[in-house]
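Right after this note come the structures.
Here chain A shows up in two complexes: once beside chain B, once beside chain C.
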Partner chain A sequence: MTQQTFASAKNLPADCRDAVHALLLAMSDTKMFLGFHYGEWTFGTPALEAGIAACCMSQDEFGHLRLLHACLTSQFGDSASTLIEKRALNEFANIACLDRPLAKWADFVAINLFSDGALTVILTGLQKSAFEPVANFVDKMVEEEKHHIRNAQGWFRTLATYNSQTKAALEEASRWALSPTLEWLGPANHAMMQTLEQYGIVNASWETLRQRFLDWVGAFAHDQKIFIGLEQKNGHWTPTFPIDFSKWNPNLRRCALTQPDEKILYHLRGSKNAIFKLGEHN
Partner chain B sequence: MQKEKNKKQFAGITDEVRCPFCDSAETQREANFGTTLGYAQFYCFHCRTPFEWIKWDEHAPESDLPSFLSIKI
Partner chain C sequence: MASQRIYEVFARKAHEEPIMHVGSVNAPNDELAKVYAWTAYDEESWVEMCVVRRSEIIPVLNPEDKPIWGN
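What follows is the complex of A and B.
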């Protein structure tokens, strides 16, 4: 049977439209915060090349953010400036480990692998999406994200094997990043995710996408002898820690009332230079 | 030889990288990243010119990427 496609958001059924809108917002918020952290780590990296890579990934994330904001603007009536400037802190749906400045290099490597990696799994789930405006740009993002994954895996291997200090720091950072990342991926049996699958917005069930992420990071960390809180059962990797989804908010993709640091938004919004923002004082 | 030695240094680049200015194969990788993540920086010993090389995906080992990126939809 041929899958029905949707040329624009106005053709989507109401429940599906809301689900797509919420997912794209959460993806764009996560990319915005990833872009901020990557950009901030242009300096202070253990090697000059790591700084160049961080800066490059920041450019990629902000480029993807522009594409997502363009889609949200044209399809859902949002405005890029409102999405960045006018929302309250508790309205951002980014992965929660990106809420605060990253304390150390191992934290950077952890968000590069887990948070950016989870987002990439979802991007692959949107390839050939029935929602055409997304299907049109997602392949380009996936191609660029391959470089991010190579960078993350390379640094993960390096820290895992360099010495006992870097290994311990990596293990701690990995556990710190994995839990909020799984929280952001959400419960696979939620009505929102089932709607996305039902209308062909994603090309696999949400459980399949979530498991692909777990199987990748579980096996990869295990190969490096880093225990991140996953165990293998019946051929698949599952968390050893509980995640209570009873209060999970599908619009924020968070289980608790957490929010980003105001200082990060201050920098992201360019609030210090507000008087120089063109076209906003007429 | 230096050229041969450096050809294999950078994981993901297994093909001979020729200079875009003089077409010489006497090149050496200088850095894994250039102005973007997708570029590597090279130096040509023949015309003594630095140049950037795009890491085309067909040159990169897919085996180093997670399997979910190879799933045919």
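What follows is the complex of A and C.
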């Protein structure tokens, strides 16, 4: 049977339209905060080349953000104002471990692995999407994300084996970053995610995508002898800690009422330079 | 991080062109050398890129007063 495709958001059924909008917003918010942290870590990295790589990944993330915002603007009626400027802090749907400045290099490596890993799993799930505006750009993003994953894996292996201090810092950072990442990926069988699968927006069930992330990151960390809070059961990796999804908000992809640091938003919005935003009227 | 190695980076823009030396990177291992080469020398749409540990290169001519690869 040929999969029905949707040339624009206005052709999507209402429930599916809301689900796609929420997912794209969560992805663009995550990419915006990820791009900010990568950009900040252009300086202060353990090596000059690591700073160049961080800066390069920041450019990629902001490039992806631009594509996602263009899609949200043209398909869903959003605007730069509604996407960044006028949203309240508690309306951002980024992965919660990106809410605050990163304290140390191990935190950078952890968010590089988990956040880019989670985004990549969703992006691969969106390949050949029935929603054509997304299908048109997702392959480019997947291709660029491969380099982010290679950077994360390279540093993860390096810190895991360098000495006991770097290994301990990496384990601590990984356990800190994993839980909010899984929260952001969400529960396996939420109605909103089932809608995305039902209309062919994603090419697999959400349970499959979520498990794909867990199996990938669980096996990788295990190979490096780093305990990140996952254990293998019946051939699959599962968290050793509980995640209470009873209060999970599908629009924010968070279980609790957390929100990003106001100072980060101040920088992202360019608030300091508001008077130079040419052509915009207050 | 300690034990950094120098890697020379080679690339080509088209399959019919010869591969050429485009620069070097410092990295603690081969895996990060590949990432750094890609991110540091991304000014072109390369069709091929590779890195070689400088220590593995056997010089044929090696003027003592001038490093072959620069620094």
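As a convention for this text, the second predicted complex is superposed on the first by the 279 of 282 C-alpha atoms of A that agree within 3 Å, B and C clash if a C-alpha of one lies under 4 Å from a C-alpha of the other, contacts with A are read in each partner's own complex, and residues count from 1 in each chain.
The rule is simple: a contact is a pair of C-beta atoms (placed from the backbone, for glycine too) under 8 Å apart; a residue touches a chain by one contact, two chains touch by 3 or more.
Given the structure is predicted, the values throughout are model-derived calculations rather than measurements.
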item: A:I52 touches, of chain B and chain C: first, second, both or neither?; value: both
item: Which superposed partner A:N203 touches (first chain B, second chain C, both, neither); value: first
item: Partner chain in contact with A:Q127 - chain B first, chain C second, else both or neither; value: first
item: Which superposed partner A:Y162 touches (first chain B, second chain C, both, neither); value: second
item: Chain A: partner with more touched residues, chain B or chain C; value: B
item: Which of chain B and chain C A:N189 touches, first, second, both or neither; value: neither
item: Partner chain(s) touched by A:N151 [first = chain B, second = chain C, both, neither]; value: both
item: Which of chain B and chain C A:N249 touches, first, second, both or neither; value: neither
item: Intersection of the chain A residues that touch chain B with those that touch chain C; value: 49, 52-53, 56-57, 147, 150-151, 153
item: Chain B - residues contacting chain A, complex; value: 12, 31-33, 35-38, 55, 57, 60, 64-69, 71, 73
item: Touching residues (chain side chain A, partner chain B) in the complex; value: 49, 52-53, 56-57, 59-60, 117, 120-121, 124, 127-128, 142-144, 146-151, 153, 203, 212-213, 216, 220
item: Touching residues on chain A, where the partner in the complex is chain C; value: 46-50, 52-53, 55-57, 147, 150-151, 153-155, 157-158, 162
item: In the complex with chain A, residue positions of chain C that touch it; value: 1, 4, 25-29, 31-32, 34-36, 38-40, 42
